[in-house]
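Note that chain A is present in both complexes that follow, paired respectively with chain B and with chain C.
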Partner chain A sequence: MHSRVTNLAAFLGFGAILLALPHTLSFSQQEILVFLTINVLVVASYRLLTLTGEWSLGHVVIMGVGAYASALLSKRLGIYVPASMLLGAVTAAMVALALSFPLFRMKGFYFLIGSFAAGEIIRLLWKRFREPFGGPKGIKKIDPMPDFDIGIYAFDFFEPISYYYFALAVVGVSLWVMWRIERSPVGLTFHAVHWQDKLAEASGVNVRAYRTLAFVLASGFAGLSGALLAHYIGTINPNSFDVEQMVFVLTWTIVGGTATFYGPILGCVVLTILNEIVLREAGFEQMRPLIYGLILILSVLFMPKGLESLVRGALSWRNAGKKKVGETEATE
Partner chain B sequence: MFAKMFKDGLTRRRLLGSGAAIAGSAAAAAILPRTAFAADKVVKIGFLAPLTGPVAAWGKPGLDGCLIWGEWINAAGGINIGGEAHAVEFVAYDNEYDPSKARTGATKLIREDEVKFIMMLGGDTWPGAQPVADRTGMLFSTLLPSDLSPDTTTLIAPCEVHPIYNVTGVEWLADNMPELKTAVMCAQDDALGLPSVATYLAAFEAAGIEMQDDPLLFDPATTDFAPVVTRLISGNPDIVCLDTCYADYVHPICEQLFQQGYGGQIISCTADFYQQIVAKTSEEFMEGFIFQFPDFDDPALNDESINFQMPNEFYAEYASRYGADQWGAVSWEYASIMDLWKAGAEKAGSAEPDAVLAAMKEGGTGLHAFGEADWWGEDLFGIDNALVGNWPIVVIEGGKATIKEFRSIPEWYAKHGELLKKHMSAYGQMWDQRA
Partner chain C sequence: MAPPVLEIDNLTMRFGGLTAIDRLSFNVERGAIHGLIGPNGAGKTTTFNVVSGFYKPTGGEVRLRGETISGLRMYEVARRGVVRTFQHSTLFAELSVLENALIGTHMSFPPNIFAAMAGVDKANRRAARARAEEALDFFGLSGLAEELAGDLPHGHQRALGMAVALAARPDVVLLDEPFTGMNPEETGRMMELMVKLRNTGVTILLVEHDMHAIMGLCDRITCMSFGRLLAEGSPQEIRHHPDVIEAYLGGARHVA
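And then the complex of A and B:
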């Protein structure tokens, strides 16, 4: 009971911090916060995919599928933006389902290369077909999220604070759903497919179906993040979803760690703050790629289990301390 | 500076460069108008361009040039706005050629740094900044007028009317080498490459030069140019056109052309850091290479029709600070835009964006770096926000870029404008096709 109250208080406190956070930031930091919130959904969805042991190089392109679909549906067919975002997510999931047929004939490194090739084919299609994808220039003047007023707060979605609250709600719900999936029997089967695929198969688990399910679910959430991005900046092009962006997602995931739900999110938050705020403010703007690369190498060398290992270390140290105090009190 | 000079070794080149730079600074102080300088008045200018990544070659050298420009202007008393001298300060933000970072950068520069004018490279990044420009009314400049459309009322292209000036190079080539009759072209398949492809196609057609094949469009992620070049020169063309390829492509393509034994004419929009290409190939191979961006130590820039202030001294200062091999297409361009902005702000007596824009465009003409020019563009861009006049044709001779001639873009357009519109339409590059 005591633990539940503590957890609820911590959750409410964290929620209050997230709500108050943009008001403590400068305008440009608010903008970065919006993109950071969207990227949190990208890395969290990427981890969902990696639960089955497969690492993809096409995740950012799938994010782009959601962005393009949502942008086109709202711009061409006049579909209400929140509905087009959901349809964008569904489109990304459907494209992933179609890709799963050739891709899941492969495993491991071959799947990695196959996903990269599939992603490049999609990107080249966006470039090749100016109608409807806009070719290399992409799509401009994408409909923004329509403003509305809820009495206590008027949402003007040009302003980063308004869009942050909207993105926070969408990302929060998505993270909760992903969290529930991982804790469900389906999530446990994802782990089984990763660590003991032969044993799982021998136990009657359809390994390929579960890999496909993880890929489709992760792609749906990635598509949703792409839609959030498209309707905020108002423009997308094939270069927005190229392999360079994918390297960022991989870096966040590797530096954060994939053993826990929060690992990649931690990597994304820490590295984004470092890259976009600390290094820029410190006057190292033009040296950022160098420093960023150095951090990746150092983290792999000295922190192979990612930033999450620091958190886990701190938590176990605290728990050990509590246990020791309890034992001392019991002895006395 | 002197300690560094002696530590690194005093070479003849460094001595000459530094001497010219000192002379330039002194001359700047003597020639530029002196006003009572009030150190507490500062006007901030935003620089929102790629400073890192593959497109940095069209951002970073421009910032370096602006810093020299700013130091010279401040040394000469600053900018006189409404009777008061203002020091100029550049605030840079690296947008990494990413629209989302362009939006963040525009927000920071306008709402936090309170700049009065923002210079951009444009291209993919402009649509990210455009909502901020629309909402705040901030005056922006771009080097790529293909960003212009009727609703970009606060965006100007006052220096480089890319890619329209490329027609002057082809026209000069046709006049001076009439025996060259066939051409091929390659370009990266992106927002910068395609309008340039359309322009070169129009220019070749106007000059009576036949295209051997459709333009070869390669993906911007391409790193191996051997197959691209092999296919390109398989028909033994008289002319290879490199369109507006990024420096990262021009260099390896030239190396491949050299290694695969091509001996014909090469024409390109840019040849940034061409000394490095000469070093990788040979002086003989690069002899006669035509492009559009001069070194500013060229004596032809001392002509009285040139409006860029002390180009030779500017080049010497740039070369002494960053090295002559770091001089690129944009090293002078952002500084020349600042010349126009300064004149506009002084004329308006205000640094406010709308007042400066009105002063700049008053009379429909402006003092472009290469001479007096017209505010033009409604035909192609839907708005007269591009400053168009003469443009130089540059040829590499003896390993050094040399201006051969200045030619008029409006005169070419008056004769062949319909051809340009035809090819622009075919590539979906007219303003009403770009939404």
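And then the complex of A and C:
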């Protein structure tokens, strides 16, 4: 009962900070905050995919599928933008479902390579077909989110702060859904498929179906993040979703760690702050890929379980301290 | 007499040039504890792998209650009521003991993602948990429910492997060397549990090198060697069968 109240208080406090945050930032920092919010959804969805043990190199391209679909649906068919975003997510999930048939004949390293190839094929289609994808130049003048008013707040989507609130709500709900999935028996089955697919299958788990389910769900959320991005920046092209972006997603995820839900989110936030504050200020912006590569290697070498392991270490250290007060029992 | 629950009919499994199972036939009666023995490399585990759907046989077939199940995927065989354990402790080492058993309940209480998101699967989750706890309790693992499976001593890992299998309430369970790594006292306790299990109507096909356990438990024993059927009969008949003694002496193992 008591912990419920503290949890609620912590949640409300954290929410208030997130709402107040953009007001302390400059205009350009607010723009970065929007990208960060979208990227949080990208890495969280990427982790959902890795729950069953498969690492894809096509995730950013799938995100692009959502972006292209939502942009085209709103531009060509005049579909109301929030609805087109949802349809973009559904399209990304459907494309993932189609890709799962060839891809899930492979496992591990071969899946990794296969997913990369599949992603490059999709990017090639975008480049090759001017109609409807706009070729190498991509799609310009994507419809912005239509302004609306919810009584307490009037959304004006020329302001990054408004888009931030909108993205925050979408990403918040998405994270909540992913969290519930992971904590459910479905999530437990994902873990089982990852750690010991033979035993899972002997227990009656259709391993292939669960791998596909994780892939399709993760791709849906990636597509949603792509749609959020498209309607914010207003122009997308095949290079918006190239392998360099994928390396960023991988770096955030690996540096953060995939053992916990918050690991990749932590990685994304910490590295973005590092990037924007340290690198940009110091004028190292051009060297971002290089520095990210370095960080990736260093963290694999010296922090193989990611930033989350530091948090968990700190928490268990605190708990151990608490325990020692009560019972003078040496922990380990 | 009731028809056999499991029929292994002229089964052959080849790996390249090696014939691991060679035209093997035997039947398992419903409600029996049936032993499958033979020297190392005789093809016992391979037989389990074919029956459980892990391999597709090169020839012959396996029938469950008269229905052909060879060639089905492993989860499809499991869903028809045949669940196996693995020779080398195969567990979800990174998950807790209770979570391991929960995976065993997958077929009885299939997860539903929409119900989970809407939060309307509480009854299902409770029932799965009760079933998992019951299975742990049966094997005396209740006190270890929150431990990581990978941290358990070997004997407990074997027991957990069986708990995962039995949480599925199978009709037929295939146990591959369940007593390895257990001391005589633990083995004795496990043997009692096997009898208890059989009395609930589960058919047990048992591969085991512990001859004391095999002779004490089995209603019927099939002995194989180099992939072939060598002898079949009651424990008494097998114990004194000249071919069996020969095979084991040749394989440098003793028939107790």
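Everything below uses one rule, namely that the second predicted complex is superposed on the first by the 317 of 332 C-alpha atoms of A that agree within 3 Å, B and C clash if a C-alpha of one lies under 4 Å from a C-alpha of the other, contacts with A are read in each partner's own complex, and residues count from 1 in each chain.
Throughout what follows, a residue touches a chain if its C-beta (ideal position, glycine included) is under 8 Å from a C-beta of that chain, and two chains touch if they have at least 3 such contacts.
No experiment lies behind these values; they were computed from the predicted model shown.
Visitor: Could you tell me whether chain B and chain C fit or clash when both sit on chain A in the superposition?
Guide: Aligned on chain A, chain B and chain C fit with no clash.
Visitor: Quick check on the superposed pair: does A:Glu31 touch chain B, chain C, both, or neither? Answer first, second, both or neither.
Guide: So A:Glu31 only meets chain B here.
Visitor: Answer with first, second, both or neither: which of chain B and chain C does A:Thr6 touch in the superposed model?
Guide: In the superposition, A:Thr6 contacts neither chain B nor chain C.
Visitor: Check whether A:Asp242 is in contact with chain B, with chain C, with both or with neither, and answer first, second, both or neither.
Guide: In the superposition, A:Asp242 touches chain B alone.
Visitor: Which touches a greater number of chain A residues, chain B or chain C?
Guide: In the superposed model, B touches more residues of chain A.
Visitor: Give one of first, second, both or neither to describe whether A:Asn319 is in contact with chain B, with chain C, with both, or with none.
Guide: After superposing on A, A:Asn319 lies clear of both chain B and chain C.
Visitor: With chain A's C-alpha centre as vertex, what's the angle to chain B and chain C, nearest 10 degrees?
Guide: Taking chain A as the apex, chain B and chain C sit 140 degrees apart.
Visitor: Minimum C-alpha distance between chain B and chain C after superposition, to be given in whole Å.
Guide: In the combined three-chain model, chain B comes within 34 Å of chain C at the C-alpha level.
Visitor: Considering each complex separately, which residues of chain A are in contact with chain B in the first and with chain C in the second?
Guide: none
Visitor: Can you list the chain B residues touching chain A in their complex?
Guide: Residues 51-53, 60, 92-94, 97-100, 103-105, 107-108, 111-112, 124, 127-128, 130-131, 135, 189-191, 193-194, 219-221, 428, 434-435.
Visitor: What residues of chain C sit close enough to touch chain A in their complex?
Guide: 52, 54, 73-75, 78-79, 83-86, 90-95, 99, 102-104, 106-107, 109, 111-113, 116-117, 119, 121, 124-125, 128, 164-165, 168
Visitor: Which chain A residues qualify as touching chain B in the complex?
Guide: Interface residues on chain A, with respect to chain B: 26-28, 31-32, 35, 124, 127, 130, 135-138, 140-141, 144, 158, 160, 229, 232-237, 239-240, 242-243, 276, 280, 285-286, 288-289.
Visitor: Once bound in the complex, which stretches of chain A touch chain C?
Guide: Interface residues on the chain A side: 177, 180-181, 184-186, 188-189, 191-192, 195-196, 198-207, 213.
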